[in-house]
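In what follows, subunit A forms one complex with subunit B and a second complex with subunit C.
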Partner chain A sequence: MSNVFIAFQDNEDSRPIIEAILTDNAAAQATYPTGLVKIDAPDRLVIRRESIEELTGRPFDLQQIHVNLVTLSGRIDEDDDQLSLSWIN
Partner chain B sequence: MTVDLHTREIKPLRNTFSHTAKYVGNDKPASRYQEATLDTQPTDNFHYRPTWDPAHEIFDASRSAVKMADWNALRDPRQYYYATWTMARARQQDAIESNYEFVQSRGLVAKMSEAVRSKACEVLMPLRHVAWGGNMNNSSIAAYGYGTPFTAPAMFHALDHLGAAQFITRLGLALDESAILDAGKNDWLNAACWQPLRHYVEDTLVLQDPLELFVAQNLALDAQLYPLIYGNFVDDHIALRGGTAVSMLAAFMPEWHAESARWIDAVVKVAAAESDANRQLISGWVTAWADRAQTALTPVAELALGDAGVVALQEARDALDLRCEKAGLVA
Partner chain C sequence: MDTPVIKKKIGLKERYAAMTRGLAWDTTYQLMDKVFPYDKYEGIKIHDWDKWEDPFRLTMDAYWKYQGEKEKKLYAVIEAFAQNNGQLGVTDARYLSALKIFLTGVSPLEYYAYRGFAHVGRQFTGAGARVACQMQSIDELRHNQTQTHALSHYNKYFNGMHSPKHMYDRVWYLSVPKSFFEDAYTGGPFEFLTAVSFSFEYVLTNLLFVPFMSGAAHNGDLSTVTFGFSAQSDESRHMTLGIECIKFMLEQDPDNVPIVQRWIDKWFWRGYRLLSIVAMMQDYMLPKRVMSWRESWEMYVEKNGESLFRDLARYGIRKPKGWTQACEGKDHISHQTFAVFYNYAAAAAFHTWVPEEKEMAWLSEKYPETFDSLYKPRWDYWREQAAKGNRFYQKTLPMLCQTCQIPMIFTEPGDATKIAYRETEHKGDKYHFCSDHCKDIFENEPEKYVQAWLPPQQIYQGNCFKEGVDPSAEGFDPLLAVLDYYNLKVGRDNFDFEGSEDQKNFATWCGDSVEGVKK
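Let's turn to the complex of A and B:
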């Protein structure tokens, strides 16, 4: 089992994204290196558009995450509704 | 000589203020919303009682019949504080500006039929005054309510209402000459179909209990008015008859209504869950004010949609009742 991770700049724009990730991925752990929020999760991590919209109450385009995205690891599977990271091929 | 650069991470001992940590813990950094909002209500050592209301302190929870052990429980799920709120609204303003540009550069208003254009003006112009009432009422909630988590979003909501009133004004100026605003005011003051709604708005202006005012304005009235006017009338009725331009220029209102409904529902849900007394009080207000709002909106619905108006209004009422049910109110 290996971890995937994703890190965002620690600001108000990424707050709902991070909250949504932590709600949707029970095994995910957030750490706060200076200026960043890094989320590690075993094997798989998913970002769901719907969960973010539920938190903000406004339509969200998943491409907006790239404004504050710093780094990630894992194989990306992405469509309009979700972005997932995993090592499963 | 070589210089070795090291980065060293310094872990802060405290992640947030202790009054914030009291609510959210000290395990991780608190959000700006939490720091700007939780437990920031002034509570002690007031100088003297206001001469205009000697029965209460200047900030006094007893202005409302609703009792909360801790008013910091009434939080905003959107987590708006000044910066996030202004950023969200600035983005919406940009979107509306580009809608205006689109409509004006292509002359879409001139392509609407005269009947549709004048119908849109007839129904929408008097609503400037309803939105202004919403502005006054939410300012009053912000002034006399208790607890920053409840009063700060009420002030944002007051300014959002003002924004809605301004968008209606601008829409009127885009559709017609400035005399249309006077015509709208004249209808608001004199036309029979607007009088029950005007009576409702004017009665809410003098409501003293901030929570009751919150229910009467933001839940009972707006939850029926906005779906009826911006959903059924503008986005369906007018748009289907070639008035898509109106729908584009009024796009802020339905979007804002859907977004702010989450805050409004969260407030009544938490307040009602606090105690049975609160639940009964709030349910009573909702039923009384929603019934009255439905009656007041009936002639407006008929003006906007003809015979279909009553059905559309009943749909909006049913949706409101469903929201109340989900919030744990017996409506």
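Let's turn to the complex of A and C:
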């Protein structure tokens, strides 16, 4: 098993994104190093646009995550509705 | 009434294709190979550039939009920091030494990266690769500018930050980052991406921009953490470019595998050596500690690298040759590096110190196998000597590794009491190295590394004095002449933190006497 991870700046913009990730990925775990939120998940992690929109009640363009993204690991697959990170082993 | 025009919005993937590759064309009145002559000579075989994937699919319009947002956020913070005298809020003026290293040793690399990516952004035959490199080139220029801007505020109050560009091209320890990047961008375009985007950005830079920036936040430096994370938000794209390039080369032709493996071996080790200074900044120069170098290494390199190289194994790629030794080094390099700077503090543009008792206790706790047995006794001894008035500053020049240009300070694998020395001969001359890996790198491209500009050799040849200096004059002090050439102000920028102008000023501004801030 390999972990993938993604980290954001710990701020208000990131909050719904983090919440959506933790809801959509049961195995994901968040840690909070100073200034950051880092989410680790075994093998795969997905960020769904709809889940974020449900939380905020307004449209969300997934590419907005670039503004608060700090780092990530894993292979990315992105379209208009979701962004996933995974390792293909 | 007008009939409403129903415009179907095209999806991200199509939009990206239309705005990137759709805008490229194959040349007709000149051969493509003549227009893009540099992406073949390294031996990397590419059969189909359309197979290059761009996972983030960021188009130029979206790129400008999000970069603009990042800049507005960042400058709002930098301005607020300056207006509110944010420099007074840092934990301790010792912390500034880390920023001095950052400004003179890291920010110039951003500028080199800008140049490197602008160059390769022209050279690739495939439009996808060109666009990704062009965006990264602009990112890197932005990093250099925002770092310079943010840190210029500190330059108004603290010493040693007055001429980073001048120092970068001259100061002995700054030849380490400088030579690293010059080595990378004098390689071909594929080697450059393997070096910078993959080995450095994907495998190693998290160590600099994530835990160190958390450390800046922890030490009250709102300005640095903000430019750090703003830069790092671009790094995710850069890291993705790195892994994409590796995957692309490996999938295009099996003949590419050994070439790529050799580059990974080389650049992982070059990057690892370069980060020794970050290890020291993290373990010794942040008055309030967040995470040890060892912990960061485990979290961002070991765990992550295991996943990454398991993923790449199906192409026949293995972990870099120096992996095991680098992992062993996590217990040693920060201590070995800071000890050397403590010795050479007369010739450095920042201050050093003996760690305080509680900092030593933290180091003992974080390095249970090595600190108490190997490194603490040295600090105890040096502290004792300093208290007796015997603070010793090394004034002779060290012998450097021909490849990484770091003085011979690292120890043998498996024996941290013995300095590692390696040597080889090339055309009748002898060359010296800090490790088997640096020696291997040299032996693979000796014609390149025999040209290395090594500061001690240059000083001895008389190339590091200001014009008109006469080394044969009575009472000539070579070290002072060299420091003058560096534009380093003796007694102000160098020596121990204890007794420095930075220490006194900070105490005065904070309403303390020097004794008051001493813990």
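Here is the rule we go by: the second predicted complex is superposed on the first by the 88 of 89 C-alpha atoms of A that agree within 3 Å, B and C clash if a C-alpha of one lies under 4 Å from a C-alpha of the other, contacts with A are read in each partner's own complex, and residues count from 1 in each chain.
Here is the rule we use: a residue touches a chain if its C-beta (ideal position, glycine included) is under 8 Å from a C-beta of that chain, and two chains touch if they have at least 3 such contacts.
Please read all numbers here as calculations on a predicted model, not as lab measurements.
In the superposition on chain A, A:Arg58 makes contact with subunit B only, not with subunit C. Within the superposed three-chain model, A:Pro33 lies in touch with subunit B and with subunit C [touch as defined at top].
Within the superposed three-chain model, A:Glu12 lies in touch with subunit B and out of touch with subunit C [touch as defined at top]. When the shared chain is aligned, no partner comes close enough to touch A:Glu50: not subunit B, not subunit C.
Ranked by how many residues of subunit A each touches, subunit B and subunit C are led by C.
In the superposition on chain A, A:Arg75 makes contact with subunit C only, while subunit B stays out of contact range. In the superposition on chain A, the residues of subunit A touched by subunit B in one structure and by subunit C in the other are 33-34.
Those residues of subunit B that touch subunit A in the shared complex are 9-10, 28-29, 31-33, 77-79, 83-84, 87-88, 255, 258-263. The residues of subunit A lying in touch with subunit C in their complex are 2-5, 7, 9, 33-36, 63-64, 66-80, 87-89.
Contacts from subunit A toward subunit B in the complex involve residues 10, 12, 15-16, 30, 32-34, 55-58. Considering their complex, residues 11-13, 55-58, 62, 66, 69-70, 73, 206, 209-211, 213-215, 217-218, 225, 229, 232-233, 235-237, 239-240, 243, 290-291, 303-304, 306-308, 310-311 of subunit C touch subunit A.
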